[in-house]
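The same chain A turns up in both complexes below, where it pairs with chain B and then with chain C.
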Partner chain A sequence: MNINKRKIKDVLLITIEESEANLSKSEQFKELMLQEINLGERQLIVSFAHVDYVDSSFLGALVATLKSLLPLNGKLVLIEMNADIENLFQLTRLDKIFTVKNTLETALTEF
Partner chain B sequence: MNRKILLVDDDIVQLKLFERLLTSNGYSCKLALSVDEAEAFLMTEVPDLIISDYQMPIKNGFDFRKRLLESDQFKNIPFLFLTAINDENYIQQGLDLKAIDYISKGTPSAHILSKIDNLMQSVREHYERSLSEIKGIAEKLHLRNTPKRAPLLKNFSIHYFNQSYQNQPGGDFIDFIQINERHTFIILGDVMGKKWGAWFFSFSFLSYIRSAIRLCVYDGNFSLSEILSKLNLVIHSDEILGDIFSTLSIVLIDDIDLKVHYAGAGDLPLLKYEHGKNALRSYQSDGILLGFSEESNFNEMEIELNDNEELYLISDGMIDFEVNGVKKSDLNMLKEKLYKLKKSGKTTLDIKNNLFNKHTSQVDDCSIIILNRVKR
Partner chain C sequence: MNNSFPIILELETPQHPDEIFSFTKMVLAKILNYKILNIAHQQKIKMILVELITNSIKHSADHSSQIKLVIDKPSLSIQKFEKGLQIEFSASQQIPFEEIDKILKISFSEENMHHIQPLDSYRFKFLNPHKEGFDIEHMPEHFGFYIITIASDSFIYQYDPEAKENRYIVHLDI
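After this line comes the complex of A and B, so read on.
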């Protein structure tokens, strides 16, 4: 799967460079995120700026990442979701689990 | 659905000729001018077939094949070698690397096409046979994540429909637990994932759900909030389900007092058609995904269901649509569709046929349970 990584001080920004975040990418995404956590990353932002659609496999990968991060006192912020994805998060209460922000600037204030 | 073929050759003219031949015969092609380009593509998508040249600079076709064989993810993708050299040693070397066959660049187009068609057909048949065998075994072991029929109640009728994605078992699960003449539980869950992995874990969730309901009911406890809380606790402490998550909608029908109770975990809202209203009403539960957090609250609500009214429990596949080639999740689109169907007097079967129309692009498992009052 295509992603872009950028370090902003102690925060790792991961931008998903795919229009569909689905089953074919979810396992790889989860491994990649867990790898970053194992390497010591604790403050993560994931950008959905280029994503049109997220399926339940990918949502599962995101939830698994967050569940691994929380006992380590880490934080994961999701940003730049389109209206459909944001609505899906609200409908399924994923917005209660994740911190969701509109922009990178507001996300950075969370850390 | 178009079968996707990855073509790898450093000769762009050859690639374009192949592409034209295959796309005009119903295949979709991805072209790669080098092994590196091919491997970059494989990181984003898995094709149905790879056709690769032997001779390429830097990494040749043999190197490419060897690297694929080392990967669990890619080693089983059917692979054909393409060659301009009719050298027995080259051909044998390719076949020794578990390539299914080879195509000589001088072969007439009709022969190339027949070879690829036959190969794809054979792969498809092999897959169908394996799928059928596994389904047969699951059936014998009574491994079903949807029941054979809905229970018959005095004052309510239940219909349910489930359609798997691409004819493969998936993570949606449905169950009806009839405790006695009075109480019946309706279960709709969706393991976050698709295909076999989600299907496998759906049985773990179903077992826990059945046990939690039976144990609570055995103690005279019919509180959906408490059933969900206990269920959440055991799932949270299950190491195997540590990073597997499921949604759950649970409805309790009281067939004597004519009451319906609902609670949910990370599920989509329950929808209701109300007589005289101009849109479906949504009932949103507040529980989060099962197993995510040890401490979770699950509110329970009573829903009045009168004659001419209908309740819909849905899985997330029901709100996924493909519009102009772009996928999207849109609950309102489903609500409008359901409302119009119901308002125009369509029967439950008509509604099901419309929602699961073969011409409708489906992008995930889809499940819906329809509950209404029996007219007396």
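After this line comes the complex of A and C, so read on.
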């Protein structure tokens, strides 16, 4: 799975460089995220700027990441979702569980 | 749009996750040939198709399934047919159900819980999970059936023991 990592002070920005965040990438994404957490990252932003759609498997990977991060007092912010992905988060009420922001700039003010 | 309803379309589903999204866009375009839909309905149809097909790829023995669309006024039925063994729960209660109409709490793994209502021995309806509240501790990591349930107006599972066929029947008021 293709991702791009960029450190902005204490925040790690992970940009998903795939158009389809689905079953074929979810397990690898989860492992990548848990690996970053194990390496000490606590402030994470995930950008969906290049993603067309997200399926339930990938949502599961995001939930697993958040569940690992919260007991460590970490924070995860999701940014740059298209209308379909935003709608999926609203419908599943995951928008009440995750911090979702439109832009990197507004996401950075969360930390 | 001068069509005589219902319109019935039958399609083979893709067998690789990376083909799912283009398939759902193609199916949606076919539906839009017969029926004008608002954006919310279009988004729900895409979500339902993605999750129905993802479920087949994850769980069906040969990953194959067929989708049947029944486009009518004012409803859309999305039906998925898949050969194989019946669905099994991580609980003592299994199909065929002995008690009908009693709401059951079942799961397909340790983490996910669904409320279902048996309609007959081999058929049940998924009930809307929102009544239970929502927090990260009880958040499942398997969302497929949950998404289909909340995106649809009705989601029914049916098993045909003679044909050894699983049927997932989703209904949307459009």
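The working rule: the second predicted complex is superposed on the first by the 111 of 111 C-alpha atoms of A that agree within 3 Å, B and C clash if a C-alpha of one lies under 4 Å from a C-alpha of the other, contacts with A are read in each partner's own complex, and residues count from 1 in each chain.
As a working rule, a contact is a pair of C-beta atoms (placed from the backbone, for glycine too) under 8 Å apart; a residue touches a chain by one contact, two chains touch by 3 or more.
In this text, all values refer to a predicted model and were calculated from it rather than measured experimentally.
When both complexes are overlaid on chain A, the residue A:80 reaches neither chain B nor chain C. When the shared chain is aligned, no partner comes close enough to touch A:41: not chain B, not chain C. In the superposition on chain A, contact is made by A:20 with both chain B and chain C.
Looking at the shared chain after the overlay, A:55 reaches both chain B and chain C. Of the two partner chains placed by the overlay, only chain B lies in contact with A:2; chain C stays clear of it. Common to the chain B and chain C contact sets on chain A are residues 19-20, 23-24, 52-53, 55-57, 59-60, 63-64, 67, 84, 87-88, 91-93, 96-97. Interface residues of chain A, counted against chain B in their complex, comprise 1-2, 18-20, 23-26, 28, 30, 52-57, 59-60, 63-64, 67-68, 84-85, 87-88, 91-94, 96-97.
Touching chain A in their complex are the following residues of chain C: 16-18, 20-21, 39-40, 43-44, 46-47, 50-51, 54, 57-58, 130, 134-136, 139-144, 146-147, 150-151. Of all residues in chain B, only 43-46, 171, 190, 192-195, 198, 242-245, 247, 266-269, 284, 286-289, 292-293, 316, 320, 326-331, 363-364 touch chain A in the complex they form. Listing the residues of chain A that touch chain C in their complex gives 19-20, 22-24, 52-53, 55-57, 59-61, 63-64, 66-67, 70, 83-84, 87-88, 91-93, 96-97.
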